[in-house]
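Since the structure comes first, as structure tokens, the remarks are kept for the end.
Chain IDs A, B and C follow the sequence of writing; residue 1 opens each chain.
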Amino acid sequence: MKITVADVEYAARLARLELTSGEKELFAGQIGAILGYVEKLKELDTEGIVPTSHAVPMENSFREDVVQPSIGVKNALANAPESEGSFFAVPKVIE
Amino acid sequence: MKYQPVIGLEVHVQLLTDTKIFCGCSTKFGAEPNSQTCPVCLGLPGALPVLNKKVVEFAIKAGLSTNCSITPRSIFARKNYFYPDLPKGYQISQFEDPICQWGWLDIKVDGEESKRIRITRIHMEEDAGKLVHGELSGRNDGSGVDLNRACTPLLEVVSEPDLRSSDEAVSYLKQLHQIVTWLGICDGNMEEGSFRCDANVSVMPVGSDTLGTRAEIKNVNSFKFVKQAIEYEIQRQIDLIEDGGKVVQETRLFDPNSGKTRSMRSKEEAHDYRYFPDPDLVPLVISEQWVERSRQGLPELPEQRQQRFMTELELPLYDAEVLTASRALADYFEAGVAAGGNAKTVGNWIMGEITRALNDSGTAIESCPVSPVQLAELLKLIDNGTISGKIAKTVFDEMWRSGKAPLAVVEEQGLLQVSDTGAIELIIDEIMAANAGQVEEYRGGKEKVFGFFVGQVMKASKGKANPAVVNELLLNKLKG
Amino acid sequence: MNIFDMTIHELHTELKNKRISSVEATTAMLERIRSVEPQVGSFITVTPDQALAAAAVADERIAQGDCHLFTGIPLAIKDIFLTEGVLTTCGSRILDNFIPPYSATSWEKLRDRGAVLLGKLNQDEFAMGSSNESSAFGVTRNPWNTAHIPGGSSGGSAAAVAASEAIATLGTDTGGSIRQPASHCGCVGLKPTYGRVSRYGVIAYASSLDQVGPLTRDVADCASMLEAIAGHDPKDSTSVDAAVPDYTASLKNGVKGLKIGLPKEYFITGLDPDVQSAMDAAIETYRRLGAEFVDISLPHTDYAVATYYLIATAEASSNLARYDGVRFGHRAEADGLLDMYTRSRSEGFGVEVKRRIMLGTYALSSGYYDAYYVKAQKVRTLIMNDFIKAFADVDVMLTPVAPTPAFKIGEKVNDPLQMYLSDIFTIPVNLAGTCAMSLPAGFSASGLPIGLQLIGKPFGEETLLRAGYAFEQATEWHTRKATI
């Protein structure tokens, strides 16, 4: 399965990853090999087969609409790389 | 070349549950930033979502009230993209199997026939957090993230592009707004963002059936702005095409100050959201019994109630419409009728005195100091002649102020209507004696003078004289 | 007997009879850790002060007559489990400063029973790996031969048990990450049925495959630990609301008449000869114990690795999107928002993680979703059906755990596909969602442990443990200790 550097760049952009050109080449090769390997799934006829979304059949897992204590601003911000008052601070977002 | 606008609407309805859709944090508006958060809505490692059952119930109600089919097995999906107000880097929404599908609303625009606007789907999803920019966050060069709103339950209602004008769009939105507030699933507060509209607008030549490229106007938060935004956008697109340009598929924002839409800074390339079923949530299976129970539990919807007011209570269309503006108002009205009031009269009083008093004092009907039962009592007093219609308004004002029952007010203030013919005759005689000139004028043919005498009698009786009796006696006496 | 060589049950007896205190036991463990860590490297974080404090509290409870099986027992857990107030890295630089405000449910259950936390164990970064070579915090070495890998991704969990640095440990298994290191390190490791144990507070790799499980010195410990952590958790929508049986009650019932399936696809030619002879010997042992063998087939076995690497990486690519430097974790110096995202993630994630994120992103991307992700989920159904069909005829299945004993450190790092293929025997169990266990079944000629895998029916852990116990008691493999 031929994966080009452009393909790698597309996926990297979607995944917010920055790769060196060396890494791009390496990944193009390795991911290409892996995708080449998974092509073997095409050998199987899966017409009419329902995809599995959950390994054990489960449905309807609910909770009641009852307020639970929040963890508080201090705990929420405890690991924040940067905060400003009660906000998480990030570089300016332009809309 | 004449162009026809084509409009589709996506409405985000924020649900009135006490807690968020996937965690137990409170949904109360206006709290200190990030004070209503937990590992789940913060998107911390290891946290997992659990579905709030009430959200499902509200979604079913919304679906049934818009003629949708309820999907027996629906799935939550992840919509993957990066943005600072999206803590997990994906939004939990529904993609291939939304909870409601294939509904409609019939709208009516002034002077036109009723038109059916199809609703493609209604699905459940979580809201993102809020971003504040520049000075608000304390830094000029940064933005602040508040995740209180993150994970708030939303219903997204998507219409087919069946709308053909800004008026139709507004009519559709108003009806949808009325339904969700009527059901009690949304507070309808557009300024606070409880009911947000995205409009997909395109134009195509009249007679064509090839849809033009559409632009999406995001997050318009008032009916007035929706109308303005759509009208601006339609014209913008027409102008663009006639100048030889091409409409670009993009997201635009409406600026209420300028009345224009502008392109949002390009959000990088077209999004590849990579939707897939969320493995942390299990399928939602809704049985026919559950749907039936929901259906039984639905309140009578605005449309039906309006109809009933017209057929059963014989109200004219206008009255029926006004009195079904909100469920609380309709409930108040019916309670008044149930307490023995005449439907038309109760309606008139609500549309008149009560609305005036509510508006003047900035009170909502839910907090009206005069109860429907008290109103009915007041009307009974007029009806049986205890007080006159004119005095009733005075009594009403006092009831509003003091909260006292009508009879108590009447007695305390001595406002009982005087119908005793003897007493009234005495007053009339006095007035006629003191105004001989006007008596002459009346007898000489100047009929307008009658009103002068009525006024004088009412004044002398401090308004308590029964007007019908006054009229009858005056007529007789003046005739001579 | 050294305290550090005891099992949970043995130490519990000593604690209950007040021959040893929890503080003594914990001190002994900390001493042991100090002495062998330079050679093994099982731990990312050791928490001596908190451990001794918890041990002191346990001793008070014991003094008041409150001594349950886990009271005062020193344990260690994989750094994938969130521990309130204690650094939790998941083996990654991107979380190298993350102090969680809450703990994983499965850990809380043990802690509430009085267990003492010795520290957080090393692992492949974000549980992606089979050799523990991708941790940002150094390599963990196999205590039986430190030139070899301990297995992964719960390499630290297995090595710590084998090196007697903890009485027992917790790990996670997505494609074999408990069973394979347990096999390589000569201890018992169990992956419960999906949904049996809560995933709340466990850093997610592949949500539809991840499960929490114990690594212990023997089967009785494993049964007790499973019982302590299993059960419905309302905070995990995928946790099953089914009663937890007394897993120890039926442990000694033996295996007479037990039908054991041998899936032919797992007994390939080209299996390492030491692994083959260990399997042959195990089959003999079970026959002597009265079990019956049935030849079965799991026809879609050959497609399991491909299926796994599409589903797991797809889910992982989405699960790891939250590591963006906004609310926690590593944030890089950057100009602007986009830059902050890409630099933080690129600096914080290692190569294997990046590779799997890329693969998963690709499998879900527009135009490829049906061909890759959906196709894989359909093949998964076929694989599940294989197991359902086969379990109509047998009670458990017996297979090897890994094609070879532990390879040398550095031997496979440059060929990811080769590495992935070595998970062939363990991966199908995760895809099918059922339970399986690895237990010591012999050694290679060079002295490296070899485990055997027992696969059970969904929620059939009782039978699994019973079968494991019978084998263990009829052999001596579990009594051997690494000389480190």
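Everything below uses one rule, namely that a residue touches a chain if its C-beta (ideal position, glycine included) is under 8 Å from a C-beta of that chain, and two chains touch if they have at least 3 such contacts.
Bear in mind that the values here come from a model prediction, so they are computed numbers and not experimental data.
Put simply, the chain closest to the centre of the protein, by Cα centroids, is A. Across the two interfaces under comparison, A-C and B-C, the one joined by more C-beta contacts turns out to be A-C. Chain centres here are Cα means. That of chain A falls 41 Å from that of chain B. Rounded to a whole number, the gap between the C-alpha centres of chain A and chain C is 23 angstrom.
Chain B and chain C have Cα centroids lying 56 Å from one another. Contacts with at least two other chains are made by residues 14, 16, 53-54, 58, 61, 63, 71, 76, 88, 90-93 of chain A. Within chain B, the positions touching two or more other chains are listed as 39, 42, 50-51, 82, 84, 145, 147, 268, 272, 274, 279, 281-282. Counting partner chains per residue, chain C shows two or more touched chains at residues 98, 101-102, 208, 234, 237-238, 321, 324, 326-328, 337-338, 341, 361, 365. Chain contact summary for the complex, chain B toward chain A: residues 17-19, 23-26, 32-39, 42, 50-56, 73, 75, 82-84, 131-134, 137-139, 141-147, 253, 264-265, 268-269, 272, 274, 277, 279, 281-285.
By the touch criterion stated above, chain A contacts chain B in their complex at residues 13-14, 16, 53-54, 58-68, 70-73, 76-77, 84-95. Those residues of chain A whose C-beta lies close enough to touch chain C in the complex are 7-8, 10-12, 14-19, 23, 27, 30-31, 33-35, 37-38, 40-44, 46, 49-56, 58, 61, 63, 71, 75-76, 78-82, 88, 90-93.
Of all residues in chain C, only 81-82, 88, 90, 95, 98, 100-102, 104, 199-204, 206-208, 234-238, 314-315, 318, 320-324, 326-328, 337-338, 341, 361, 364-366, 369, 373 touch chain B in the complex they form.
On the chain B side of its complex with chain C, the touching residues are 39, 42-51, 78, 80, 82, 84, 87-90, 145, 147, 268, 272, 274-276, 279-282.
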